[in-house]
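Heads up, the next two complexes both have chain A, just with different partners, chain B and then chain C.
This part shows the complex of A and B:
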């Protein structure tokens, strides 16, 4: 393994690193908002919308991101919907992540003890007030561990973007290997690149999980 | 002032085919303390929960201040400001501080002014001896302290009627006293109360009336003093004997 080769490839990997981070951020934020929205629809049992959410969740969770990306990037142009690669990637990540986030939020909301709901009712709270002051704050705190797992999962899923030629980390590494046969060096930098993102993030999320638990519970 | 605060007529409740409350009839006069006694599984909790709209029932009529209660979610939501309830488990909202727990109802449900509600809350906290804990979170409190706050939270809405469902049943023995004292003070101040409890000494002290329940039916309705010395039914006598050490 040659350090010179690594050094020379660093600028292009750096670009890929920031791109991976940027696409992950958009995807995760979008997926969280979509998931939150879907879980609220489920919580309030809004007719029709609730069924649509369920169909979406089944569809999104039971198809691979790879196929979802193919659809968005290669199939949609057939019906006149041409979407740039990076946007396709973000849309794909949101489509996939939204259902995972929805399940995480819903799990948290379901986890709020029944007696909390009853004691909220007992002081005269309306359903909306109950949701706003009691169920959602507690439910969202309960869902933090699952959300954290999804965040990590979604960042790793960006490696699939390589199939629609987005120059993120994995794509860049494969490119370097393909062009210069610098297999060892490229894979080494690739691993380091993901580790730099994921390890600190994982630590932060663990800290956040502990805080959320401590902030909410303790009978 | 009305003669009866709460009236229960021919209340029947079943879970599926299993009848859990049989033709319950009683009324509660303002300022009185009614104690609901009976063995486990006799339907005490189910009954008290019916009176706050937390359980539905198949037939029967409830009236509050001589007004028949239409059992809809809307009616109950309104009525719960007048009928407070405290549960067995310490059910404070863990995401809110003590003072926010107490103020949630007055501010959001009753839309009262913050200054006025806070003044009342502070006074109530003083009465239960927990002034210093206003800004604490529930997890920092002991079970007995939490339960006293739960009582304050219900009182902050200025209810006319208080329901207590075995509020000391899951407390450590040494915490029980503080909670019972709060309830005794309420009784002294002529708060109308319906109390489910297994603390017999306390029941004897506080009860103006006793309803003795078994298998979902009221076996006996007797003034408090008389119930503990001369119960009318053998079953009640047996129950009292079994509770006495």
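This part shows the complex of A and C:
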């Protein structure tokens, strides 16, 4: 292991680091919106849309991201839909993450005690008010731990983007190994790179979880 | 005559080769799950003991395997074992080893959280009637927590099956690797080979994982009903 090699490769890893963060951010935001939307459809039992959402969730949860990416990146062009690598990666991450986020939100919404909803009805809230003031604030707080777990999961999944040649962290490390045989150094920087993103994030998310719990239960 | 794309699956020995690739993935997943669960149960039980040093070490082990993405774990073992420790294993063995250690880490957390969810008075009652520690685990803690652990373990199994898709990165001849070869070899005759082959593999993974997810959800629901009723 040589420190000069590490130092020399740092600029290129820095670029990869920001790319990983950028793609993760787009993916996570997209997945959260998709998941929120899907969980509303499920919660309000909207016919037809509900069945579609269920099919989507099962397909997305029971297949690996790698094959989803291959399908988007290699198979779609054959039916006339060419999508650049980075966009394919983000679409793949949203497709995968949407179902995990939907399950997280659904879990939270289903966790709101029945007595809360009945009390809301008893004081004469309309359905919309019930959703706005009773179900969502409590349900979303309940879903925070599952969402936090998904965020970390999705960031880790970006390492699979390497298979469609997006120069994120893992791909960059493999490149360095392939070109210069700096195996130990590259793998070391790679692990540190993920640790820099994930360790502080998991601490922040634990803190957030505790705050959300405080908001719900007051202890 | 124009080729219909789906025929690429039935050309020559393509289908048998794809299923052969799937068999290799399945074999690695199966061995890793069995060994990983056994190791994970032991580690999970150790994590409930009151030895601070042991707890810290096992916690670090878990966090390492949680924070480092599985792709990176595969590369770490694939490159570092031969280069720095002069241990030359073939890619399938490396994959089995990585998956086993990863499953053991995740399993240890499932077992630990199951065990600590058993009410405290059950343990005290067991001690009061003079059970030894192994008896306490065997007759009190494990039977009461196993129902909680089963759905999480099944979900872990589906995750392992899905993660076998990464095997091609360390050049194991898994189903996706075989698929890529077939697509390249038939490039001349089948312009949309990727569509059919990757579509087929997509469905294969779905067929493997979907029943397991349904089963896990069924057990979870049953358990919830039993607790509420």
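Heads up, the rule we're going with is that the second predicted complex is superposed on the first by the 217 of 219 C-alpha atoms of A that agree within 3 Å, B and C clash if a C-alpha of one lies under 4 Å from a C-alpha of the other, contacts with A are read in each partner's own complex, and residues count from 1 in each chain.
To be clear about the criterion, contacts are C-beta pairs under 8 Å (C-beta built on N, C-alpha and C of every residue); 3 or more make two chains touch, one makes a residue touch a chain.
Quantities reported herein were computed from a predicted structural model and do not represent experimental measurements.
By the document's definition of touching, neither partner reaches A:19: not chain B, not chain C. Once the two complexes are overlaid on the shared chain, A:53 sits clear of chain B and of chain C alike. In the superposition on chain A, A:120 makes contact with chain B only, not with chain C.
In the superposed pair of complexes, A:184 makes contact with chain C only, with no contact to chain B. Contact with chain C, but none with chain B, is seen for A:198 once the two complexes are overlaid on the shared chain. Chain A has more of its residues touched by C than by the other of chain B and chain C. Residue contacts after overlaying the shared chain place A:174 against chain C, while chain B stays out of touching range. Once the two complexes are laid over each other on the shared chain, residue contacts for A:137 go to chain B alone; chain C is not touched. Every residue of chain B that touches chain A in the complex is listed here, in rising order: 52-54, 76-78, 80-81, 84-85, 87, 89-96, 104-105, 108-110, 137-140, 150, 153-154, 157. Against chain B, the residues of chain A that register as touching in their complex are 115-116, 118-126, 129, 133-134, 137-138, 141, 215-219.
For chain A in complex with chain C, the residues that touch the partner chain are 58-59, 61-68, 70-71, 74-75, 78-79, 156-157, 159-160, 162-163, 170, 173-174, 177, 183-184, 187, 190-191, 194-195, 198-199, 202. Chain C contributes residues 67-72, 75-76, 79-80, 83-84, 158, 162-166, 168-169, 176, 183, 191-195, 198-199, 201-202, 205-206, 209-210, 213 to its touches with chain A in the complex.
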